[in-house]
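Note that the chains take the letters A, B, C and D in the order they are written out, and that residue 1 is the start of every chain.
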Amino acid sequence: MNNDLKKIFDKAKLEKRSCLIGFVTGIDPDYKTSKKILIEMSKYCDAIEVGNPFNTSTSDSSIIMDANTRALNSGANTGKIFKLIKEVKSEIRKDIPFIIMGYLNPIYIYSIKKFAKSCKDSKVSGCIVVDSNNNAPEDKEIFTSLSKVNVSYIKLIAPTNGVSYIKKSLLRCSSFLYVVSIAGTTGSKQVNLKNVKKSIQLVRKVSKIPIGVGFGIKTKEDVSKVSKVADAVIVGSGIVDIIGKNTKNHNLTKKIGSYLKNLKKGLKK
Amino acid sequence: MKIPPFKEINPPNKNGYWVNKKNGQVYGGAYISPLLIPNLERVEKGFKKALKDKKFIKGLEEQLLNYIGVNTPILFSEELTDLAGGKNKIGKIFLKRTDLHHDSSHKPVNAFSSCYFAKHILKVKRIITETGASMNARAVAAACAKLGLECEVHIGAVDEEKVNLNRNITELYGAKIVVVHDSTKTLLPAMASALRSWQSSPDSMYVVGSVAGPHPYPQMVRTWASIIGRIAKKQFKQITGGVPSTLFAVCGGGSNLMSMAYPLLKERTKIFAVESGGDGIKTGRHGATILGGGKMGILLGMKSKVVMHSSQIAESITEASGLDFASCGPEVAYLHDIGRIKFLSSTDLEAKKTFLMCSKKLGILPAIEACYVIHSALKEIKKRKNPRENHLIHLCGSGESNVTRMLKFKRENE
Amino acid sequence: MKIPPFKEINPPNKNGYWVNKKNGQVYGGAYISPLLIPNLERVEKGFKKALKDKKFIKGLEEQLLNYIGVNTPILFSEELTDLAGGKNKIGKIFLKRTDLHHDSSHKPVNAFSSCYFAKHILKVKRIITETGASMNARAVAAACAKLGLECEVHIGAVDEEKVNLNRNITELYGAKIVVVHDSTKTLLPAMASALRSWQSSPDSMYVVGSVAGPHPYPQMVRTWASIIGRIAKKQFKQITGGVPSTLFAVCGGGSNLMSMAYPLLKERTKIFAVESGGDGIKTGRHGATILGGGKMGILLGMKSKVVMHSSQIAESITEASGLDFASCGPEVAYLHDIGRIKFLSSTDLEAKKTFLMCSKKLGILPAIEACYVIHSALKEIKKRKNPRENHLIHLCGSGESNVTRMLKFKRENE
Amino acid sequence: MNNDLKKIFDKAKLEKRSCLIGFVTGIDPDYKTSKKILIEMSKYCDAIEVGNPFNTSTSDSSIIMDANTRALNSGANTGKIFKLIKEVKSEIRKDIPFIIMGYLNPIYIYSIKKFAKSCKDSKVSGCIVVDSNNNAPEDKEIFTSLSKVNVSYIKLIAPTNGVSYIKKSLLRCSSFLYVVSIAGTTGSKQVNLKNVKKSIQLVRKVSKIPIGVGFGIKTKEDVSKVSKVADAVIVGSGIVDIIGKNTKNHNLTKKIGSYLKNLKKGLKK
């Protein structure tokens, strides 16, 4: 388990709250603005998830797809995402862990070994690969490579996944397990608490790993409900939506700041 | 017509990979978010069950014969034979007339089989598919109409605006057309939209239009489609006494190629796949995956050859909307890499000229997709110069939906 | 596929007349100016010779099987059977899938046969035909392309302006399109223009698109077309063990009707022909010859039933351009008058609704022409209420060229 | 043989010239004008052929088809054509024979017997049916019915017809035989003298019947050439073309008059 990530869960536990993890696509809408956004987010979030854009994503909502397009049009690629994270990290508190989230192809093409090395170099703490699959040889390679450099591999599970799938995922999962709250996609619908609870029950039967919940969490009320059952709340589309609607707005970072500030109020257990 | 039964002769491993024994390279697999795991597991389990279900297979074959009309003729083309140099120089050229299918291409065979499978084995009531102005949506919509299934077709707003024959027929068949306004508003966001829809409705089935996508789709689609080749192989034996010396098929995703090639994989037939060279492969503006510098990559749930710009999937550029795909099915890539299938390409201009030639000389209006293969086949056959050979070209579709553009091309070039 | 050989079982007399023995009424003949006498004599002599020429027949059948794809399936339509009341009430409804032919209708069978005959028996190099935006020109143009014949299509300027799929395909097949600016600029002056062209070029052959025109055309066209029915009869026997209890076909000129009916004339099959009732026969705006008050008259070289205003040929009014003909073939009129064929009609609105129904429920896009017959057949079969019957409907074409109008109709009615 | 028709050939023979027969579609462009035209024609023609318009004619050129359309739009029908001829005849020299030319359907629908009676009533001398055929029962009926009322049945033959066809036609032909000068249609091309001569030779082997030649004769030169070999020259499209181009012109009849006057100069043998 990556130490930075471990720490945030420990700290939150002490404070009787859940963690807030914010997601944005890296280099959206452009490198400079993205950097400002990430710095702003670091003021409110326990950890930050940075999306590595892919033009053929299959599990993203319109909001995230548009963000990917903006980022790619601004010249985003895997190397630049690492550069961005490295730069941001050098300007903010050292203990805020960064997680890279993305699809397998960019990693595969970048080379998995080089990817792990870059994670280390940029001080990335964790990594999520949406379309990796426990049976894929690349999945094993990612897990092994990341483990060697002490970067956590974070697995997604869905409410529709059974115990055997969860068990298999846990074998390659460290720091926390990411439970997808709805049987839909990022940003598309409202959080489904019933599904989340069912999933968490299943997980708890076999593991004590911290659980983060994401997809569909947008309001303080959503955060509040999810905080009752999970160790971390992941908010993505809510932030990205603000970016999409304010790409030319000087107050963009401020807007994100006050949005996150408000969400934080819902973290209490 | 007794249909030769299906036999699995080139199975992927249990995780859905074809493995190149020489270098360990794997092709296929299932690269999807966990949200889709149960959906795919259901399809895979159902597929295994279906293959053993004699009643299912019999019912399916009956509909393929009488509804889709899969028992299409093989035509000895005297005209093409003469164009390639004549019987005494190059042997004989035959055309498999898949253009005579219901809905005028090879696509309806997989589309109908998949929907029939969805209804009778998976017991679902709803089908999801996506389209980029091509034949697949039309074929799936027809199958759904016939089988009483709901049909949801995802199409990018940009593609949808180009009102075209197949799109309109899809609507007449009663499909719900979901217009996708995301990102580029073309095929890729339409696919994402369709997959999202499938994620949130496990009571439906996603139909893939080619031998692509996550396991078990590549295997399943080529299994359904192979009925075309099984019948063709039997017909060819009746006509010529043997198997084809050469087989030529166009390759976008690879479904029409695999439909014919699969039953011949263990025979001595030389198999040629033809890609769209677009403006010419050297220009970089093309639709060729294998010959166009495609590298191993992972997209749409599979690992296969892909044309990319850095790690992003490239746009493919081709006159033929059916070949507008920057990758090919994993089994196809595997068969290329182990040397079983050779690849050729024709440019858009060559294909368009071939369209006019076929209309004028053969009295046949081929789908523009099929024109790439006819052009390359003639070139290759001329080179082979073997009068003892019998060549088989897959005429995989009819060109009604290409008429407007091709007539314009004809008038501009006369 | 061994094709049942043709047998002449309802010959006209030596002057080309079918004679109603009850009242002496004659149908058919050759009412043409002496300019055409030698042309017709050549055709008649050639036709007799062709029927005895085994090599010719074998060659023709091979092309019809493999180029036109005449061995189309017969589909048991569960959907139509259910719509008519279910198997236990009305028996079974089958569809002969002529829509799966090359160029998507029954027309190519006669068109190709006539052109093959022109080339191999008459040894001419040029074909003349006319069209009113219908399937015949397309089919003739295809045959000419395939056979290396010149093709001249006469089309009225008004029809030509309505740019449409079949017209454009005709051009792609390389036909010379002669635009006729005479009189009404529609089908009739186009016919006159085509006949004039034939008068002045005896080195060509005129191809008629239906079982109409001067002797020997009505007999010859139904003889060529009857291969459809000969095959269907054999298939039906294999499927049901007997002949159809009823046969339903639409009737404009009568070629698709006779193609199926001819081989069944001496069987116990009840034969129904369906005409286009247009806006309703009572309104006077229709395309029905027999049910629309057609009387014996003489036009386009034949004596048959004709709808007239005083002695002028009436304009027929129908949604279906293929049924836009104020007369019917003489043999058809004869068979009606002696009671062998019963007539029914559907209105344009009924046909259009049937088009939408078939698209939505059968997953089939029928030619609008075929929708008239499906509607009337369902009505008649419901009435018959006989669970031991096997009904056969001729699905004589596919509806690609109707898509634009039908989609408009669908959207206006939803 | 109808007496009026016999007389014109006798007279022309004496005058060492051929006859001029003018053709127009009846009631083209309208009843009144057509009447004037026919009266004008009677000043120059030995006989007049009046077309009974049919909307589905198969052997007419564009020029004649347009005339048919104009006539039908002016309400033409078989009865009115008879009325027109009767009225014209009452106003001109009695001895100018009128011939009705047309297609079979209008006659068949009018009834062949009634048609013969109307011919007699309107003093029509002869009748040509373009699409009748020697083998058709109606052809025999027309011949018999017309014969009874002393109206000539005039047959067409084409250069491509052989002796046996000519012989058969002659059996039902009286007054004169109409030789179609080109293997085309009325008005479409120029007169083909070679074809005409060949046909006349064939006819002359089996009959002495007068021969009229028509189709494609438009100029004085045409008339002159044909007059050398035939007993009558029939001019149709030439006149109808003038009508078509001058439907609204006050000088229409005059134009036709001077056109015919000029043609007459070519009649000499």
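Basically, a residue touches a chain if its C-beta (ideal position, glycine included) is under 8 Å from a C-beta of that chain, and two chains touch if they have at least 3 such contacts.
What you see is a predicted model; the values in this text were computed from it and never measured.
Counted as hops between touching chains, the shortest connection from chain A to chain C is 2.
Mean C-alpha position of chain A lies 38 Å from that of chain B. The geometric centre of chain A is 97 Å away from that of chain D, both derived from CA atoms. Centre-to-centre separation of chain B and chain D, using mean CA positions: 67 Å. Multi-chain contact residues of chain A (touching two or more other chains) are absent.
Touching of two or more other chains is recorded for no residue of chain C. Because contacts link the chains only in sequence, without closing, their graph is best described as a line.
Residue ranges of chain C in contact with chain B, taken from their complex: 65-67, 69, 71-76, 79, 97, 99-102, 141-147, 165, 168-169, 171-174, 356, 359-365, 400, 403-404, 406-407, 410. Put simply, chain D touches chain C in their complex at residues 54-62, 65-66, 68-69, 72, 77-78, 103-106, 108-110, 130-133, 135-138, 155-158, 160-162, 165, 169, 180, 182-185, 188-189.
Within the complex, the chain C residues that touch chain D are 15-16, 26, 29-35, 37-38, 181-184, 188-189, 191-192, 195-196, 199-200, 202, 295-301, 303, 306, 308, 310-313.
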